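What follows is subunit A paired twice: with subunit B in the first complex and subunit C in the second.
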Partner chain A sequence: MSDPAQNGANRVQETSTPESPGGRDLGLVTRSALGGLLHDRREPVVLLVEDDPGDALLVEELVADCRPRMSLRWARSIEEAMAALQSEPVDCVLLDLHLPDAHGLDALEALREWTGGTAVVVLTGLAEEESGLAAVAAGAQDYLVKGRVDPEWLGRAIRYAVQRTQTEQSAAALQASQLRAEENARLERGLLPTPLLEGIDAPEIVARYHPGRAQSLLGGDFYDVVQLPDGTVEVLIGDVSGHGPDEAALGVALRIAWRTLVLSGISGTERLRRLDQILAAERAQDHTFATLTCVSLLADRRTAFIVRAGHPGVMVRSGSDVAWLEVPGGPALGILPDADWPRYELALPERGALVLFTDGLFEGRIAASGARLGEERLLAAARALGSLPGASFVDELIGHAQGLAEGFGGLDDDVAVLHVTWRQDR
Partner chain B sequence: MDLSLEVRPLDGFQVVEVAGEIDVYTAPRLREALADLIESGHHFVIVDVEHVDFLDSTGLGVLVGGLKRVRANDGTLDVVCTRERLLKIFEITGLAKVFGIYPSVDDALRAHHD
Partner chain C sequence: MTGTIPQGELDESSFSITTEQRPGAIVVTYRGELELLSLAPARIALDEFLVEGVPALVVDLSALEFIDSIGLGLLVRAHKKAWVLRTPFILVCPKDGPAHRLLALTGLLQALRVHPTLEEALADLEA
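Our next item is the complex of A and B:
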C-alpha cells in the first residue's frame, strides 16, 4: 500500500479510512496531479487530461465520491499526459478534447498512440455530444458530458471502459497466441518429421524435441531419418543459428533439401556442398548459418560414415558405456565459400547406439553464476544412465538437463535428441 | 544474465569489449553496437570477448554478420579470446578459420601492423 517513492502528507490522507473523502484537498490537484495522490494498487488509476483547473476540480470531487474508489492523476496537456503515462501504468484516461497542445480527435489520436491498450473516456461540453460520438467511433471507449455526470455514472463509465479494454486485449492476445501456436506447430511438424524407415532390419529410432523456455522464439533445430532401399540408414541432426520463424522455416527447408538429396543418391561431401548452396540461397539474413551432423549407417551395421559441419559431437553407446565422439569436420554451413567436409569412418560395435543432439542439451544454465551444463557434465550424466534402453535413456538425459536448469529459468534453447540403435545380424 | 559493452578507439581500430553472456536475449545489443560502428564508417573492429562467460549460436551469428559487413567495406573484424570454452566453440563451428583470433588486443593490432 505504501509507496516509498511517494512520501508526504497528502498520502496520509488517502490511506485513511474509506469515509474520509480522499483527495479532498484542492491543493493536491492544482499543485501537480502527476505525482499527486496515493496510488493504491487495487484501485484503478485514472489520468485526467484537462487544462481547466475548474473542470479538473469538478472531476476530482466526482472521483472522490466514487465507490469503489479510484485514484486520480492530473495532466494539463497531452505532453504532461505522456510523461505521466511513462512514469506509471494508468487504467483509464479521462480526456478533455480542448487542450493547449491538441484539439478534438487529434488529442485522442495523439494519446492513443501512446496509451496503446489503455481505456480512454472523452469529456465533452454540453453542446458537444457529437464530438463525443465521433471520439467513440475513433476508438474511445465512452464519452461523458461535463456537468451531466454524477459520481456513480462516472465510476461506472470508467470501470466499464477498463473492463471492455481488458476483454478486448485478452481476446486479441488469445488470438495472437493461438495463431502463433498454430504456426509453431506447423513449423515443428516440418522440422521434426516421421522417420522414413522401410524394411525389416530398420534401426530403432527415438526422437525427442523439447521446446525452449521462450516458446515464441521457435528454434531452428531439425532432424531426419531416411532408410534407403539398400538398407543404409541416413540420419541428420541440425540447428539453424538464432531463433524465430525465419530460422525455423530455414530449418524446414534444409531438412527437406537433405531428404531430397538423400533420396536422389547424393552422398558425403557433395551433399553438404549442395546444402550449403541451398542455405545461402534461402536464408533471410546473410549472417544466418546452420550446424549439422549426418550419419550414414551402412546396411551391414558394421560401419558408419559421419560428416560434421560445425555441429557439436555425438555420443556412442556400447554396452553400458557412453563415449563422446567429435569427429574431424568442416565449418558450419553458410560461413565459408568452397568449404570442405571430410567423411569420418567409424567401425561400429555389434550392438550399440548413436546419440545425436543439438547444443540446447548442454547449454542450460545450472548455477546462479551463469555456469552451463557443458559437454563434460552431460557425458557424465549420460554415463550414469548407460544401462537404460533408448527411450528412457533419452528422456532421463533431457530430464536431467532440464532439472538442473529448472532453478535458473529452465532451458532457454530448443533441444533435439535422436537416438539410433542398431544390431548386427551375425 | 547481463551483457556489458564498451567501445574505445585504439590505433585506427575500434575495440569492442564485451563482458557477460552473449545469448538469444543479449545478442541484439551486440548486433546494434557493431551495426552502429560500421554504419558510422568504422570498418576495422576488434571484438574482445575475454570476459564473455557464454556465447551461443545467436551470438556467433552476430559476429559472423559483423564480419560480413566489415569485409564488404574492405575492413576486418578480429576476435580476442583465450578462454578455452569459447575457443572450442569457434573451433567446432569452423569459425576459427574465419575470424582472426588473438590472445590479446595488442596481438591483434600487431598482426595488422606487421
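Our next item is the complex of A and C:
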C-alpha cells in the first residue's frame, strides 16, 4: 500500500467534517443514484482516472466513437478524481490501476469509499487480467484490457456497469424499506401495547401514535394502560431522548419494566426509582435519558395521583374546558443520581378526561422564522376543540399541530397521545 | 480563537457556532436551533475542546431560539464527558430563554451548573 493513497483517503475524510463521514457518504450515494435515475436521457458522464497521457488519448478516441454518445472527463490521480466527483455527478469511473497516488486495489478501495454507488470499470494492462478479476471481486462492475477494446465493447461495458449499479441500488433500497417496515411493526407492538383493561368501570382510552419523519424508524415514545384488580387504572406516557433503534428499544424496555412494576404492586416514587435504575442499566449510551408521567386513577375515580419525571404537563378536560396541569415533579430518568419524584394528588371532576402526550405534539415548526407551536398555542387549540368527544378531540388536535407544521417540513418528531376518559360511578 | 461553523446543507433553520478564548475558559456559543439537524456540528465543537483539553468549557445558550430533547441530550453527554475529564462545564442560560424552560422541565437545572449570564459563569470559574 502506498502512502499517497493513504493521504488521499485521509484528506477526503477531513473535508467531510463537520458532518459525520457517514452522513456525507449517504448524501453522495443518494446524489449519484438520483443522477442516474433522473437523467437517463442525457449522455452518461464517464470519469477516466489515468495518469498516462497516451493511454488517456486512446480512451478518449474510443469514447468519441461510442454510440450512443457519452461525455468523458479526465483525472490524472485519485486526488483529482475525488475533486471531479465532488463537482458533478458521474455515472461511471474508468479506473487505471497504476496511479501516482494509489496502486492496484488501493485505488479502487479509495475511490469506492468516496463514490459509494458509482459504477467502476477497471482498466488493466495486457498481462494483468488477474488483477482485473481481483478488482471485480473487490467491487468493480467490470474490467477492460487496454489495447483489446473497441468502441462498441467499451460503450456496452460502461452502460451495463451503470445499469447494474442502479439495479443493485434499487434492490438495496427496497430491501431496506421492507426491513424498516418489519422493524416498525415489531417496535409498534413493543412501544404501543393494547391496554390491559378489565371490569365495568374501565375508562375509555384513545391512544394515537403519529410517527415523525417519513421512512424513519419509530422513535422512543411509549405509553401503556393497566387496570389492577382493585379497579385502579395505571397510565403511563414517556419519551426516550433521541431518535433511533437504540432509543426505541429502550422505550420498549422501560414500558415493559413499568408494566411489571405495576403488576408487582410497586407504586409512586418507588416505581420511578426502579425505572431510573433500569434505564441506567439498559441504555446503550450513558447520556440517554427519558421523561415520563405516570397517572394512577383510583377505583372511585375521584382522585388521581400523578408522578412526573421531566415530562411536559398534561391536559385536564372537564365539560368543555381544557386546563394545562404541570404538577411538581422530579428530573428526567437517567440524569441525577438519588433523584426524588414527588406524588401529586389531583381531585377529579365527576366527568372528565386526562390527555397525556409527548413533546412532539407542540414542537413542530409553524413559521419560516423557526417559531414552534409551543405549549400555549397547543392549549388554545385544545380549548377550541373542547366540546369534542375523545377520539375526535385527539385526532383534530394532532391534525391541527400537523397542519400548522405542514409548510415547514411537517412534524419532525414522533407524537404519542393518550386520552383517558373516566366517569365516577356513584 | 474565533471561528464559525456554518449550518449544514440540509438545515433549513439557522444554526451557527462561535468559539471564543476567555481567560480560564473556552466559550462556545450556539445560535439558532439546537436539534437533530444541528446536532453533529454542535457535538463536534464540544468534543474537540474536551478531547484537546481546556481549563474549562462554557456553553452559552442565550442566543438559542429553540432546543429539543435531542439538543438537551447533547448537553447531558458533554456534561458527563467533562465530568470524567475533570473539566469544569458551565451553561449560560437566561431565565426567559427557550433553553431555560426545557432545563427546568427535565430537571437539568438541578443537575448542571447553569448561570443566567456569561459574566456570572466566568466569575463562578474564577471563584
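Annotations
By definition in this document, the second predicted complex is superposed on the first by the 360 of 426 C-alpha atoms of A that agree within 3 Å, B and C clash if a C-alpha of one lies under 4 Å from a C-alpha of the other, contacts with A are read in each partner's own complex, and residues count from 1 in each chain.
By our rule, contacts are C-beta pairs under 8 Å (C-beta built on N, C-alpha and C of every residue); 3 or more make two chains touch, one makes a residue touch a chain.
The model shown is predicted, which means the values in this text are computed figures rather than measured ones.
After superposition onto subunit A, partners subunit B and subunit C are found to clash with each other.
Legend: residue contacts after superposition of the two complexes on their common chain; A:L336 is shown touching both subunit B and subunit C. Once chain A of one complex is fitted onto chain A of the other, the partner contacts of A:T115 are absent, as it touches neither subunit B nor subunit C. Using the contact criterion defined above for the overlaid structures, shared-chain residue A:S131 touches neither subunit B nor subunit C, since it reaches no partner.
When the shared chain is aligned, no partner comes close enough to touch A:T293: not subunit B, not subunit C. In the superposition on chain A, A:G242 makes contact with both subunit B and subunit C.
Counting contacts by the rule stated earlier, residues 239, 241-243, 285-289, 291, 309-312, 326, 329-332, 335-336, 339, 359, 363, 365, 370, 372, 412-413 of subunit A appear in both its interface with subunit B and its interface with subunit C.
On the side of subunit A, the complex with subunit C involves touching residues 17-20, 23, 27, 239, 241-243, 285-289, 291, 309-312, 326, 329-332, 335-336, 339, 359, 363, 365, 370, 372, 408-409, 412-413. On subunit C, the positions that touch subunit A within their shared complex are 5, 8-9, 12-14, 32-33, 35-36, 40-41, 44-45, 65-66, 68-70, 72-74, 76-77, 80, 105-108, 110-111. Subunit A meets subunit B in the complex at residues 214, 217, 239, 241-243, 285-289, 291, 309-312, 326, 329-332, 335-336, 339, 359, 363, 365, 370, 372, 374, 412-413. On subunit B, the positions that touch subunit A within their shared complex are 1, 21, 23-25, 53-54, 56-58, 60-62, 64-66, 68, 85, 92-95, 97-98.
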